[in-house]
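Note that the chains take the letters A, B, C and D in the order they are written out, and that residue 1 is the start of every chain.
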Amino acid sequence: MAIVRVGFIELWVRDLEKSLEFYEGLLGFRLERKEGKSAYLRGYEELEWSLKLTQAELPAVRSLGFKVDERGMEEAQAWVEQEGLPHRLETDWGRPRMLRVQDPFGYPLVFYAGAEKLPRMLQEYHLYRGPGILRIDHLNLFSPEVERATRYYQERLGFRLTEYTEDEEGRLWASWLHRKGNVHDVAFTNGEGPRLHHFAYWLPDPMAILKAADILAGARRTNQIERGPGRHGISNAMFLYLKDPDGHRIELYTSDYLTVDPDLPPVRWSLNDPRRQTLWGHRTPKSWFLEGSLLLDLEGKPLPTRSSPLVGIPEHVT
Amino acid sequence: MAIVRVGFIELWVRDLEKSLEFYEGLLGFRLERKEGKSAYLRGYEELEWSLKLTQAELPAVRSLGFKVDERGMEEAQAWVEQEGLPHRLETDWGRPRMLRVQDPFGYPLVFYAGAEKLPRMLQEYHLYRGPGILRIDHLNLFSPEVERATRYYQERLGFRLTEYTEDEEGRLWASWLHRKGNVHDVAFTNGEGPRLHHFAYWLPDPMAILKAADILAGARRTNQIERGPGRHGISNAMFLYLKDPDGHRIELYTSDYLTVDPDLPPVRWSLNDPRRQTLWGHRTPKSWFLEGSLLLDLEGKPLPTRSSPLVGIPEHVT
Amino acid sequence: MAIVRVGFIELWVRDLEKSLEFYEGLLGFRLERKEGKSAYLRGYEELEWSLKLTQAELPAVRSLGFKVDERGMEEAQAWVEQEGLPHRLETDWGRPRMLRVQDPFGYPLVFYAGAEKLPRMLQEYHLYRGPGILRIDHLNLFSPEVERATRYYQERLGFRLTEYTEDEEGRLWASWLHRKGNVHDVAFTNGEGPRLHHFAYWLPDPMAILKAADILAGARRTNQIERGPGRHGISNAMFLYLKDPDGHRIELYTSDYLTVDPDLPPVRWSLNDPRRQTLWGHRTPKSWFLEGSLLLDLEGKPLPTRSSPLVGIPEHVT
Amino acid sequence: MAIVRVGFIELWVRDLEKSLEFYEGLLGFRLERKEGKSAYLRGYEELEWSLKLTQAELPAVRSLGFKVDERGMEEAQAWVEQEGLPHRLETDWGRPRMLRVQDPFGYPLVFYAGAEKLPRMLQEYHLYRGPGILRIDHLNLFSPEVERATRYYQERLGFRLTEYTEDEEGRLWASWLHRKGNVHDVAFTNGEGPRLHHFAYWLPDPMAILKAADILAGARRTNQIERGPGRHGISNAMFLYLKDPDGHRIELYTSDYLTVDPDLPPVRWSLNDPRRQTLWGHRTPKSWFLEGSLLLDLEGKPLPTRSSPLVGIPEHVT
């Protein structure tokens, strides 16, 4: 399917003002519109909104948005009908054509083609605030069946594998899949699911990652720094993981690599390689393996989750 | 045509040792093979060689290489036959299937599918030398007929326009065209041609651009720094232009933006906008508008060039 | 004399709001107090104000402030009386003991001991704006008698020489003199004087220098970027020179070196060494050699200037 | 006493080649001389050697060197005689006048005045290797009597306090003391002692700190990364702690702040403030509180150590 890239995420949050104070106030996201209980935000490089926050009773993930071209929209339509998946046509602000679908694993996907363009801000550097959030980069999804989901997303949705984690018995614990030409648009991580593990935004360079940590520290919110700054072994990217006021995990991410080659060999990582999680050998906090965000079904009800048959978290955990 | 990305450049140089002292010694390219009068080099992210230097009587450009997939190889074959272009099948080190063709404008294109992979060096940071050259990013071509070349590369070769420079009368002076999802794989620049204006390599971040300038200065080779470091208005990238020992111009380049959206509106720049060449308003040296590298035909003879009907160089020149 | 370091500068500006829009709005200086026609600003590392802007009829330099310890205050008092220099005791906001003096060359020096401390902002990173101005670093003074001024500041005021520029005949064209342990607190530059050439603030790192240029470009104020970003040969620092709305020149500066060793050999530069002005060989705009700010005498009248017997500006000028 | 700054450290190592492979090969220190069982190294900014490695039976610290001026040399001589401290005049390579003394706490100090200058390498950027080690910055010493040592170093040796850690009962757990105008030349840390906790070198900027971690990771030596990269609360510096092949701890350090003001108020940190050790709230590994290097007496015998009456390590430990 002609998916172009990950396009947006919609989160349910319990206190919109508190969330905006985090995303707009500290991280410097551009708030483009507030309407009713929802707010629309974007990074400085983006011409479309990519983060929608909606005030609700419980924190959850409403939509995982993927941009498609015209052909992609038709393919998506054909796919949901063929598979008999729950779906619905929708619109949103500046998004006249959206197809909402609950995929076979429960993930609340939204495909959209076309979008109204917002003014170009990339070079309006005097208006940048925070570390300089540029654009949405990827979604990372908890799954109790990583192997099956990975195969399905490759075969039915056209994603391409760049890196993966295996144990000694050849069982797949995590996979990184892309459409847009860098390491991933979507990753699957072993664990209780379906849930969102995190969503990630691209920053201009590693110094911006450090600046984000400094900003959180300045604001006396180090408790929201879950992990990093560090350099991933997988993806080679510099990262920082933050928890938003509802516990949704956002990653600030930069400097992975180009993956457009059709003959690019996927990189295999052994489950207990200490350089996998952090190239520098840092241990990962336990919360990182356990905590995630609930997903919503088409009616806005939280999806039940189930635990994974692959139990045990890797070594190298704090 | 299913071109994946720019893949390599082959340069004729007059003194291979002097060239290697520049590319390998100062810039830190990895020298992967020396055989006869040729040397094969790559950046730290690349799994294939991307720079071939061949000692010859005169400095010139032998090949402008583009990576294609299987379908792309067939399409290229069909295209050259349909257009009746001079062409030849070739092989090179680790490149079993190459199609060399002189395009209608004279550019010596080489399409290749498949390539033997070299060991992954991206995370072998202890072996990095110089500013940390990562991968080939783009080719910039002088043309006396930018408008025609731009249209042809879009319509026949499948390139997509991201930015362009126009004068007040709507005449096209320069264009940026991509396949791989950032600002360009190929650009056309008005001027005497066909010639190569420059080729460019991606660096990890703006600090690496500054480091490259420091290295040239340390080696007392500031005369080889032609322009920069600076930030382009067009592409938003940080850049540094160097002249190699034969006068071939290489750009070190980083931090442009993602261009995969099918509805991405191309950015228009006015010819005399001072922020176009350098976002910071720097003037460009005259040499930058005049000097380029000769191209070779299939027999290895220099292609004649002609001047452009669009005369006059922009304001904002030193 | 026990001078500690350069401490502040007071500038006369014609439109305080316009100046604040530049210093506070674009460069992110912290505005700590506005009172009558004056504003007091500081960098994020400073515990005292370091920039005072006062609205007046003409742009000029009212004070060149130096922090002294108790002994320094007595020494300064003894010096002005011994030399019979025009002087006056003063106070200012948070500065209970200031000695204003017009030195033998006409420079309007102010020595001050003790100062009320402002809250520590260094680690309040969430409040940083602009490129992150940290602290005042140095003053650069035009003088038609660099050699005499340099000797006097060494012998009578206790400054120590770190670098200097000479022509082939051994005549001194410029000197860099310090108290605080980096390359300079004061520099003298040959030219019409006495005038201020520029004052400089320290930034955290070279990326911040680039960010400052981006901010000016974003605000469409590239005409206020006079020179840089670049790396000095002299001092090894990264720099950017800006003109404020009144034409006062401010340098953003970082990454020079430690100079506390008593046996540190001063670095000699030849007048026409291209690496002196910019390590990377960049040429310097003519304005940089000609334009400066007038100084005021104790009564607030502009000091007459005279041209230098050393005529001709260096090569390597655009 | 007129101490200028920390000047060098001499370490005993068990395998000089292995140590050089670490310090010169990975970290890029400049090896200036090898003679017998000793090697002399320096950073790129230094004009004197600052690290001496001597092959010996056991790993230990032979000398903690401080540069003094002429008056300082006389003061040091008077001090050792007055206090009746074990001492000896010595010379070393390029160091004609050294006074070795065991201070009242057991630390093996060496004062030296004058030194032969090595060629200036600061701007020889083409010769830089590794992350770009610039200069020695400070020594951190384990002490079971931090309060007494701190007072003595202030009162008898002229050090000035910039930051300190206290518990709720007002007991001093750590102190930072300087001479050269940044946060410290020497720090005392509560724990079994006298021992060396670590020595530190200044790097050009935070990106160099990240690069050092990448280099260790590339070389598959993450086990030698003990802590960081991170930003200290205390000192505000970016840091990385490494263990050398003998377990000596070296810190790579950059971007603290200017401390020359005589009225600079010392910064107080509470023992259990999570932002103290790492501004970002990172926990510190236990080894960091326990492991250190033995010191040698004038005869080259290891000094006995004793544990501290202040027991318990802070919270926020991994």
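The working rule: contacts are C-beta pairs under 8 Å (C-beta built on N, C-alpha and C of every residue); 3 or more make two chains touch, one makes a residue touch a chain.
None of these values were measured; they are calculated from a predicted model.
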- Item | Shared interface numbering between chain D and chain B [over half = same, under half = different] | same
- Task: Find the geometric centre of each of chain B and chain D from their Cα atoms only, then give the gap between the two centres in Å, rounded to an integer.
- Result: 48
- Query: So what's the Cα centroid distance for chain C and chain D, whole Å?
  - Reply: 34
- Query: Which integer distance in Å separates the CA centroid of chain A from that of chain D?
  - Reply: 43
- Message: Which positions in chain A are in touch with at least two other chains?
- Response: 123, 205-207, 214, 216-217, 275, 279
- Query: So what shape is it, when you link every pair of chains that touch: line, ring, star, complete or other?
  - Reply: complete
- Message: Quick check on the complex: what are the chain D residues that touch chain C?
- Response: 4-5, 45, 47, 67, 69-70, 114-115, 117, 120, 122-123, 134-135, 180-181, 202, 204-207, 233, 236, 255, 257-258, 260-265, 267, 275, 279
- Item | Sites on chain D touched by chain B in the complex | 26, 123-128, 205, 207, 211, 214-219
- List of chain A residues in touch with chain D within their complex: 206-207, 210, 213-214, 216-217, 220, 222-223, 225, 229-231, 238, 274-275, 279-281, 283, 318
